[in-house]
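Read the structure below first, then the notes.
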Amino acid sequence: MKNAIFSKFLLLIMFLMSVNLTAQSVDENTIPIDVEKTNLHFGFIKLTDCASLVIAKEKGFFEAEGLNVKLTAQKNWVILLDNVIKGQLDGAHMLAGQPIGATVGVSQKANIITAFSMDLNGNGITMATDVWEKMKVHVPKDAAGKPIHPISAKALKPVLEEWDGPFNMGMVFPVSTHNYELRYWLAAAGIHPGFYTASDSKGHTAAEVVISPNAPPLMPSYLNSRAILGYCVGEPWNQKAVFADKDGKQLGVPVITNYEIWKNNPEKVFGVTEEWAKKYPKTHTAVLKAMIRAGKWLDASMENREEAVQILSRSHYVGAEAKVLRNSMTGTFVYERGDRREMPDFNVFFRYNATYPYYSDAVWFLTQMRRWGQLQKDQPDDWYDKTAKKIYRPDLYMQAAELLIEEGNITETEVPAKGETGYKPATKADVFIDGKVYDGTKPNDYIQSFKIKSN
Amino acid sequence: MKQKLINFFEATGLTWFVPIIRLVTGEEPKEQCTEIFKMLGYPAIALALFFMTWGYLSTKIKTSVGALPSPTYVWSQGEAMWATHNSETVRKSEAGELEKVRIKFNTLVTERRTLEENGKATEPVDKKLDKLLSETKEKAELYTPLVEKYATIKEKAEKEKAEEITAIREKFTKAGKFDLDDSGKPKIDVDGNPQLAEEALDEINYKQNFRVAVYEGNLVRVYKSIQGSYRSLINKVEKIEKYTQIARELASVSPSTGHDKKVASNNRKRQAFEKQIAKPNDYQGNGSIVDYIKLSIITVVFGFFLAAFVAIPLGIVCGLSPAIMTALNPLIQTFRPVSPLAWVLITIQVIDGIFVGDNALQGDILKNTFLHSGITVALCSLWATLSNTALGVSSVDQDHLNVAQVLKLNWFDRIFKIIIPSAIPYIFTGLRITLGVGWMVLIVSEMMATSRGLGWFIDQEYQNNKVESLANIMVCIFIIGIIGAILDRIMFTLQKLVSFSDEVSA
Amino acid sequence: MSKEEYILELNNVTRSFGEREEEVCVLENIDLKIKKGEFVAIVGFSGTGKSTLINLMGGLLPPSTGEVLCREKPVLGPSPDRGVIFQNYSLLPWLSVAGNVGLAVNQIYKDKSKKERKEIIEKYVDMVALSPAIDKKPKELSGGMRQRVSVARALSMDPEILLMDEPLSALDALTRSVLQDQILDIWKKTGKTIVLITNDVDEGLYMADRIIPLKIGPNATLGPSFKIDMARPRDRKNMNNDDKFKKLRAEVIKFLNNEKAKEKAANTSSESYPLPDIEPVTV
């Protein structure tokens, strides 16, 4: 029962409090860095995956490095990136596609680099309840009558064929993971999500499902007003649709998480301008140290996750109700009401080298930009390599990590070894929902393997 | 005295105070009572009806985030905002104290450095540092009982609330009130349990929404985070002390292999910590409703003066010269109806183009975002003043112009002694409209420009997407309305003061 | 009589408004010679162009043809020599009594010190008996008081000629007579030349040395000049019994009535009062 869970949480909170009061300060072993700039201002978007930034501040990891950090929620991704480019912000929680898109000129043009990946997974695709009910007929069920996951967009195909009028779906941003994941999921089932072309910056060319960007926190409202019939977004906005009512039913049903589309896919990064990183290299290292530690703290225990939920639910951070945040942050995920499933890897902040900025991740985004026509020219494999190396900076990450190892705040096994190439080995067949093999060193082969792709 | 008060209230348009004063001074009590009833009783009835309707609707209307907040809930959120303001005040003063301590440490550490470099004895400073360190440690520990105290209050309130909710839940469970599906079986909730009937959930949610012990809960966080900061500072100073000690030990041993390296490494660490505590920390609070209101008012006043600064001279020029008026008229007519939503986008780009990178404005108030919203306010609101000034100037009484002619006033005197003064009532009418329009567009410009005023706060709350934020937005609507009314009253009074006749429409 | 004694001369002055076909001639063939120190009253019905005449004399309007001379020099514009007192007082509402008078004083006595100017202001305010109200704004004053401020302002410029455009017509009878005496008093004290425009024959007869009726316009011109050969100070109460006065009054009124009758007979439907052709500017 709910009240039982609630009182459990009360106990938990009390326990945490007592732990906290006696806890030693987090900066016991810190090797000091002579930072160039102490007062920093970072931006974030109200999503649970900004947790590393928030925790680094609230748990004193920034302070331990002598940093006085201010965090401000930004209105949307465009404004956030603008503020970073224009120097209003020192750095920000960004979509993985943003630094890449900015550098290759797909969105606002700027030199943004990232030396820190903020999390893995954490997104979901939610469909309006009536759409889901139509889809459900085509979904295979287990013995108990529950749908078998992952749910392929093949179930959507018959619904689409009968659908009257345009079928609109929302995603977050043209270069966001959500856009690529949603398109990937649809295309894997042979549904055409539309191409970007020189004259179509909206990406609606040849689309069977019309995908447009919307602000994440507003997705449930748009779903409610039927401006869109489904969306791909980060948490807590999928779980929000489960909790929100429409005509006595839940507003929307999350049908698949991005973990099921691509296991342990990179999601958000911490981005700064290249100029900033050059101007404040020591500060940058200190920031990275604090954030790595925050990531580790987040993944250390479910108790920490619960505390993070409490912190994130404050109105100047993510601001959603704790019960909504908790649903995705504490290892479970609710698809339909009553259908809560274990999802221990739904939000990964540190494990599986989550914080390390792999070149192969950057290359994957570039391949998708090429696939959907945001990049219109074929490029040789080494262009992908060079571009990735310009934007993703594991070298800076390792500087911070080595200091942390020296301090004893992390162990050597928690970060990639020194000889790391930055390219993950080619994926096995169970990693992507369509079973494709992705090898970051051979991007062109990967692009060619898709049936639906831009010329 | 009495007449003065009456005059004041009549001048400010707060005429409903007048009968109260008359009544208090015993002037025709019966008539005054009727008057008071008319002036206060009628609005009171209207207000009561308004709140009743609202209260009723809140039980009926479902928003996408939950039930429409009721008046009592909105009021409680207003109180919660005030509690947050109070705890933020505590945070600010505590942070100020901490900063003072940091400065003290820094002074002593720097002093010692200087002494060392000049080869002088450092013992007195060492002692002072020791003393300060132990004092600060004691101080840091003083927060523990405070945190405990407020945590207890908070937990107790939370527990009571949880118990009440449990009681409601049990009451409905016992009564067997569940939400049934078509086949008559109870529907299941998020956690797979039978879902209670809507009336039960409404009651539970209503209870659930009310926040308890907000101030105490905030204080727990404030004191904990300040304690953490003290400990962090203490840790840094202790490290400095440790490395200073090691440096002294190293200085006393005879050099051997690797000795220089050790000294250098030790000194580097010590210096890094010293530099860390040498740097000032800006206060970075989360802000409270009072801060948002302050910034909004400052922004609107800035925009208002900017509008006046542009519109009055331009209006005078237009009023004086029909040619210029004719020339500018198409532009004025084109720009006047443009929405703040459009202006703000241009303003943002222009201002961010001027104040970019290291030149970005980083003042407490004077930020780029402040200029974005302030300038947008000015752009949207200056037209009323511009057209009124032009009208006032162009329609100066011919008699007044004759006087100027007979007196042979020169061009300058004619404009500044006759034309502008005679246009002043018009100008003030324009300014009153300008301030009204400015306040109205401010909210939306703040939303777009993310300047941390009321508009920004409303937008943030909207993004939080829950019933609580809806209630907070409602609180803001009342605040915005009341401030708008007060600003209009002020302008009304000014308008009346500069008017040549007694007729000013309230 | 030597020529120099004429302080103000209007020679064959015509004034019309409008252009071409719409042109309306308001005043025609005006000939007027006024001696220094003289008090001349011009009487006429409303709308006969009396204000136009004052404006021509004051230099606020140029004549269409003919010439206006002030001490033999053509009048090219307004001058402090000729103070004008307007029908509707024309006080500046944002200035106090002292401020309104000061506007003129500051303009004329530019080289005097602030203190001296203040004294001058006080002197003239005192002359019209408004010292207690010196700091009041026009809206706090009665009509008569406002007109006195206007007089003080005109006097403060120390003009040789005072041109008064129906200064008392808006006032009640009692205030009117008080002000008439006050103006006469000032005239006697200062020896200024005064041209008084009025629609009240009695007022003209009571105050002036000469009374000249203005014929009905358009194309209005001046009638014959009636000399009021009566001793001063004149007695308001007994004047009505004075035969000389009664006769003069009858003559003037007869002249005016004849004019009126002529106008009716002619039945000129020219009701179009000449309005200046100004387009209101909308903002």
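Annotations for the structure displayed:
Think of it as A, B and C in the order they're written, each chain with its own count starting at 1.
Keep in mind that, in the parts below, contacts are C-beta pairs under 8 Å (C-beta built on N, C-alpha and C of every residue); 3 or more make two chains touch, one makes a residue touch a chain.
Bear in mind that the values here come from a model prediction, so they are computed numbers and not experimental data.
In terms of inter-chain touching, the protein chains here are arranged end to end in an open line. Of all chains shown, B has the CA centroid lying nearest to the centroid of every protein CA atom. With centres set at the average Cα position, the gap from chain A to chain C is 89 Å.
For the pair chain B and chain C, the distance between C-alpha centroids works out to 63 Å.
Chain A and chain B have Cα centroids lying 32 Å from one another.
Of all residues in chain A, only 1-3, 5-7, 10, 13-14, 17, 20-21, 25, 27-28, 30-35, 38-39, 46, 58, 60, 63-64, 66, 68-70, 72-75, 79, 82, 86-88, 215, 217-218, 220-221, 224, 237, 240, 242-246, 248, 251, 275, 315-316, 318-321, 327, 334, 337-340 touch chain B in the complex they form. Listing the residues of chain B that touch chain C in their complex gives 318, 322, 325, 329, 332, 386-388, 390-391, 394-395, 397, 399-400, 402-403, 405-409, 413, 417-418, 421-422, 424, 498, 500-502. Residues 58, 60, 77-80, 82-84, 86, 88, 90, 92-95, 103-104, 107, 139, 157, 280-281, 283 of chain C touch chain B in their complex.
Every residue of chain B that touches chain A in the complex is listed here, in rising order: 62, 64-65, 144, 147-148, 151, 155, 158-159, 162, 165-166, 169, 179, 187-193, 195, 198, 224-225, 228-229, 231-232, 234-236, 239, 268-269, 271-273, 275-277, 279-282, 284, 286-287, 352, 356-360, 368-369, 447-448, 450, 459-466, 468-469, 472.
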